[in-house]
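Labels run A, B, C, D, E and F following the written order; every chain starts at residue 1.
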Amino acid sequence: MPHTTAAPLERLRSGDTVHGMWMMSSSADLARISSSLGYDYVCLDMQHGLARAEHIMPLSDAVRAGGDAMVVARVPDNRFTEIGMLADAGVDAIIVPLVSSAAEARAAAEALDYPPRGRRSWGPTNALMLGHDPAPERAGAPLLFVMIENTAGLSEVAEICRVDGVDGVYIGPSDLALSLGSLPGPEEPATTEAIATILATAQEAGVIPGIHCGTGEEAAARRAQGFRFITSSSDIGAARAAYAADLAEAAGG
Amino acid sequence: MPHTTAAPLERLRSGDTVHGMWMMSSSADLARISSSLGYDYVCLDMQHGLARAEHIMPLSDAVRAGGDAMVVARVPDNRFTEIGMLADAGVDAIIVPLVSSAAEARAAAEALDYPPRGRRSWGPTNALMLGHDPAPERAGAPLLFVMIENTAGLSEVAEICRVDGVDGVYIGPSDLALSLGSLPGPEEPATTEAIATILATAQEAGVIPGIHCGTGEEAAARRAQGFRFITSSSDIGAARAAYAADLAEAAGG
Amino acid sequence: MPHTTAAPLERLRSGDTVHGMWMMSSSADLARISSSLGYDYVCLDMQHGLARAEHIMPLSDAVRAGGDAMVVARVPDNRFTEIGMLADAGVDAIIVPLVSSAAEARAAAEALDYPPRGRRSWGPTNALMLGHDPAPERAGAPLLFVMIENTAGLSEVAEICRVDGVDGVYIGPSDLALSLGSLPGPEEPATTEAIATILATAQEAGVIPGIHCGTGEEAAARRAQGFRFITSSSDIGAARAAYAADLAEAAGG
Amino acid sequence: MPHTTAAPLERLRSGDTVHGMWMMSSSADLARISSSLGYDYVCLDMQHGLARAEHIMPLSDAVRAGGDAMVVARVPDNRFTEIGMLADAGVDAIIVPLVSSAAEARAAAEALDYPPRGRRSWGPTNALMLGHDPAPERAGAPLLFVMIENTAGLSEVAEICRVDGVDGVYIGPSDLALSLGSLPGPEEPATTEAIATILATAQEAGVIPGIHCGTGEEAAARRAQGFRFITSSSDIGAARAAYAADLAEAAGG
Amino acid sequence: MPHTTAAPLERLRSGDTVHGMWMMSSSADLARISSSLGYDYVCLDMQHGLARAEHIMPLSDAVRAGGDAMVVARVPDNRFTEIGMLADAGVDAIIVPLVSSAAEARAAAEALDYPPRGRRSWGPTNALMLGHDPAPERAGAPLLFVMIENTAGLSEVAEICRVDGVDGVYIGPSDLALSLGSLPGPEEPATTEAIATILATAQEAGVIPGIHCGTGEEAAARRAQGFRFITSSSDIGAARAAYAADLAEAAGG
Amino acid sequence: MPHTTAAPLERLRSGDTVHGMWMMSSSADLARISSSLGYDYVCLDMQHGLARAEHIMPLSDAVRAGGDAMVVARVPDNRFTEIGMLADAGVDAIIVPLVSSAAEARAAAEALDYPPRGRRSWGPTNALMLGHDPAPERAGAPLLFVMIENTAGLSEVAEICRVDGVDGVYIGPSDLALSLGSLPGPEEPATTEAIATILATAQEAGVIPGIHCGTGEEAAARRAQGFRFITSSSDIGAARAAYAADLAEAAGG
């Protein structure tokens, strides 16, 4: 029986909250570890992280060999070809950055769906490799998350949430803060308000509200607010902090 | 729940026959495909194939991401350090080539077991990565197959089968034929007789009789003889034959 | 004397039919095998396959080390920079997907030719490495195939075939079927008719008619229809079918 | 103390001239060698060279392990996402090819700067890995060079040099020659004149004049003309010439 | 000026204590991070870790690009050729596992020194690449640590410490415990006593006492005992613990 | 028709002299360039160079794609398994370092030949991939060169040259000098004399005399002395010298 990521995906669909690890490195070892720990998803960040196109298959393999985490990927840009490539590679969900309008959200959704509903080109490589049925109807796989992280996207968030094929929104607090005139780091009121607006709008529209956090503590707070797709750590951020603590304790005094 | 290869391993232990694919290439894509097809094991050949030490983790990941096949590896040589490396990497079974004596079989077994039963050095990397319990007692994992493929090994096969820690024998018919004075290819009587001897000895000793085949037809015949760990194809051999057939049909006339 | 692909290219130019293997994987071993078997071309699929930019040189080397096959690459998208990259890497032919108009075909052709005829930027890396004369006039190398695989392209196929620098058309039957409202798989009449139209138009315009097939049998039929650049297999498709057959034979009865 | 490239960068800022090696290959060994020799910068050419996105970190590491050279990268195209990726990866300077207008130069500059001055998206991976302060103000890092190498760019060179965030211009003589109607190779008068115009314009605007050369001799002549950021060799060009000379001497007489 | 690791090495030679990170993964990102944090050394574990021969150069580059840490490597086995390979690659120190006698220590030392003092074969690749003086006298570089981790080595530890060319001993507590009849984990009295013996013997002989620890707390305790070359963390162990804590905090309550 | 290295090999067999490039790096680009220049062989140095086992196939492909050079490899050590691996990979010649006796030479020869003449294990991967006839008789392929580079080998050179299966000797002047009590660099009389002895002995025994040189000038002198298999350059040595000269010329005056 081929490996399945059904468990986290089903929980997500049934209204549960899922927790994820954010991969900035391209280390298959860290991907395998993360999945084995019980993270519900591991996100390969092709925009700011070091995962390149050629790492998608080995990192997906490592996630699936390690455990049951969903393979998520953030595409570098809202481009038809790169989105299709990730779908062909068999990822379970795609996050599209910097979506500023419903038209842009629609373009992303069309890149994931075959005609007549979308424009995706035929070539489902992973499904062909594994002998899965690559039905021309997309049937909701992979999930599509669009990032709301600038003032343009914020002002059209309701329309974006209503775009057919959008399964969730994912908030990038740092870009959102920059777009609102503040800085990454401690959250200022305008950012807090924007995040609340996006959360409420997604909940109302029935799409999954997701958000990027930097620590487990921050993630727990977001969970309490109602977010359901929550990244609590980055691989290199958490590793760096742990190594620094060990060195300080070892050498410290 | 981390991926498990329990099914094929349990079937093997319960007396069933298992079928495997032999990887000569280092292609993770072919490993993933093979596992997804339902092969019970995929063997990474580090002796004659192109899998090198650095391919063990990505190929293991691909096998486990594709399906439930056991990850088997043939070590390039009966060396303490290389055998330990494969065990640390978490393979499910190890095949040691060219075992010529019970002493050599014992050396292989000791490389897989911690003191006091063996000499393995501590560092179970894969178990540490995945949070598995790396119990210092080996508890029969990975399985150890020793290859009987020369006249020396043939003459000590009974003693080899009785070595503590040897789980099975694996026959290499080509090397065996060369050692008996004939050539790889159609089997000569001396080779046939040697194979029958090894099979009977293994069955009597209660270890798993395994053998290397080149086609599904040959594998079916070995299964009928009583072999229980049977390689039916090599990735590049079967692919080459298929490509040649397609080209002949396309261009042929 | 450096390796040359003259033979298949010359045959193609003299009106003969050539047969190709389609690489979806990134395995140099499969590329080498394919070329050694006598395929006239091996196509590295960067759109739906797993060949990424960094694989172009090692896969090209493998094709050329294995035999005389032409190195063909399908670019992921009709982009100026990516087309130029493939030309700089020294591939023998480029296939551009999803060409919908003569203007798009012209853009592809201009990306392959230096000013004043085109817009290609100077930097012929492979020619510089090998000491070849990188004449600023393109002189027809690499060959350019444009894919006709949607209704827009179909309606402009005659104009597309007349674009200067277009050497051939390549039909993608699956995308064409989707665009015509049917599904990949058994060919429906609208698709059959469209394919016939494209073939006749290409023949009339004197450009090479090419088509994508999935089996040798299908390729033979296309050859009989008059196609001259015919892909008969995909590396992973043919391998998967062969492995499945071996397993069934081994375990089956 | 983390490795610093302060020396060449400071010299460049204080008005000195710096010399660079142009990497067409993706060999970390050649990058390490070049940096160890005292080159002030090593440029990874992602447009025409064989450095792909995944090579940026290993090649940057090799440059920094070998010596004090700045890591420069030529982005394949003037694209927002790819420019941001290089900035995130921590390169010291970015060269953007084929800049044809002040608007295009402005787009490149905006891709390097966070809001409100630019549009860069937050995710400074290398700074996060190394614990550097990733201040949201760009503060002039990485340096931005725009290539003037076609007649459109030439006619707007003064406006381009005044674009906020442009630190220098870099001339590509071969593309410039092609655009002016001649060929790469011996410089024709129109190209000579264009180069002189660009140099003078840059000097007047107070931005760094840079140029691509093929030999040390050519570089020395450009230095005498007033250029201050000068590439004297390409890794594969200089290696090829040296190997040819050795072979001729060995076998020749 | 080429990168130098003088600082930690000088501190080590002047009697100071140095702290290290143990790499089990092959991730250059984690190597770069570790060095940037101020670890005095980063050890590439080729015995139980996933660093293979081909990773030595990229991981060394990453360590040196990230900071001033010494590059240390544990060779998989006490083999002449593999030890020479690491010396040729320019590592700053080599750790040899499972040294059981003064004769074995002598063999390791001879593999690092050219005739007449040793047997090393000429080919100092890294020095040739960087233009360093590859003096035929070894002059103490790289440092040689021999591991005392079994009862045989323990019983000859005084003789081992007196072997010319041995710069330090490195204790592997897990293998030592296994050899003494106990298990990895909480230290039993026999192991405590053996560690004290080795420490005292090394101090008396004037060689550096080193030891492997799993946490910063354990490392601080070893420092207090007088160890001077102390590994406080493993990359994957510390990362795994940190990721688990984040997930527990995020999902937990 | 698969690629053939017949030309240089035939010339070598007919008594001609061949010239080679020595690869210390693992750069396929440099391998391709070297072969395209007309070198008769390109040697992948697995002992002191950076070519590891996994680079053998891509570097062999690059040599064969670039031109007609023979693929030669220096094995890291005189080990049965590693020699067989190179033969399986299809290299055209193997150089074994540090051969000290006729017994050692015999062991190397036996590792290359199948029973009954040798002990090689069956698994000719490259031949199987390419469809070549892997005849169980070795028939002189690959060629075997044994290195005479220490006093022990020197004293048995006549016996070594008479070992069945030894096709040539290859002198390593640096190790030979060290073994004779002098240093790499300018040749001292004892080394000169030893080289002359080896040359004369090889000529008398009818095996190919080969030698390692560092420059084309040195190679020409060795050619004049009668050597017939002569390495004139190393990839990184010649590149480094060329880059240094370019920088000096650019920055120098």
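Here is the rule we go by: a residue touches a chain if its C-beta (ideal position, glycine included) is under 8 Å from a C-beta of that chain, and two chains touch if they have at least 3 such contacts.
Small disclaimer: the values here were computed from a predicted structure and weren't measured.
Asks: According to the touch definition, list the chains common to the neighbour sets of chain A and chain F.
Replies: A chain counts here if it touches both chain A and chain F, which gives B, C, D, E.
Asks: By mean C-alpha position, what chain is farthest away from chain D?
Replies: B
Asks: Which one of the chains is farthest from chain E, going by Cα centres?
Replies: Chain C.
Asks: Sharing over half of the contact pairs with B-C by residue number is what counts; pick that pair out of D-F, B-E or D-E.
Replies: Matching more than half of the contact pairs of B-C: D-F.
Asks: Between E-F and D-F, flag the pair that has more C-beta pairs in contact.
Replies: Between D-F and E-F, contacts are more numerous in D-F.
Asks: Where the centres are mean C-alpha positions, what is the separation of chain A from chain E, in Å?
Replies: Spacing between the chain centres: roughly 39 Å.
Asks: How many angstrom between the C-alpha centroids of chain D and chain C?
Replies: Each chain reduced to its C-alpha mean, chain C and chain D end up 34 Å apart.
Asks: Which chain C residues touch at least two other chains?
Replies: Touching at least two other chains: 24, 26, 29, 33, 37, 50, 52-54, 57, 129, 131, 236, 240.
Asks: So, with touch as defined above, which chain pairs make the list?
Replies: A-B, A-C, A-D, A-E, B-C, B-E, B-F, C-D, C-F, D-E, D-F, E-F
Asks: Quick one: which bits of chain C touch chain D in the complex? Just the residue numbers, please.
Replies: On the chain C side, the touching residues are 52-54, 57, 80-81, 84-85, 88-89, 114-116, 121-125, 128-129, 131, 136.
Asks: Enumerate the contact residues on chain D facing chain F in the complex.
Replies: Going by the criterion above, the answer is residues 17, 19, 21, 24-27, 29-30, 33-34, 37-39, 50, 213, 215-217, 219-220, 223, 230, 232-233, 235-236, 238-253.
Asks: Residues of chain C touching chain F in their complex?
Replies: 1-3, 28-29, 32-33, 36-37, 57-58, 60-68, 129-131
Asks: Inside the complex, what are the residues of chain F that reach chain E?
Replies: 24, 26, 45, 47-50, 52-55, 76-77, 97-98, 149, 172, 174-175, 178-179, 181, 183-184, 234, 236-237, 240
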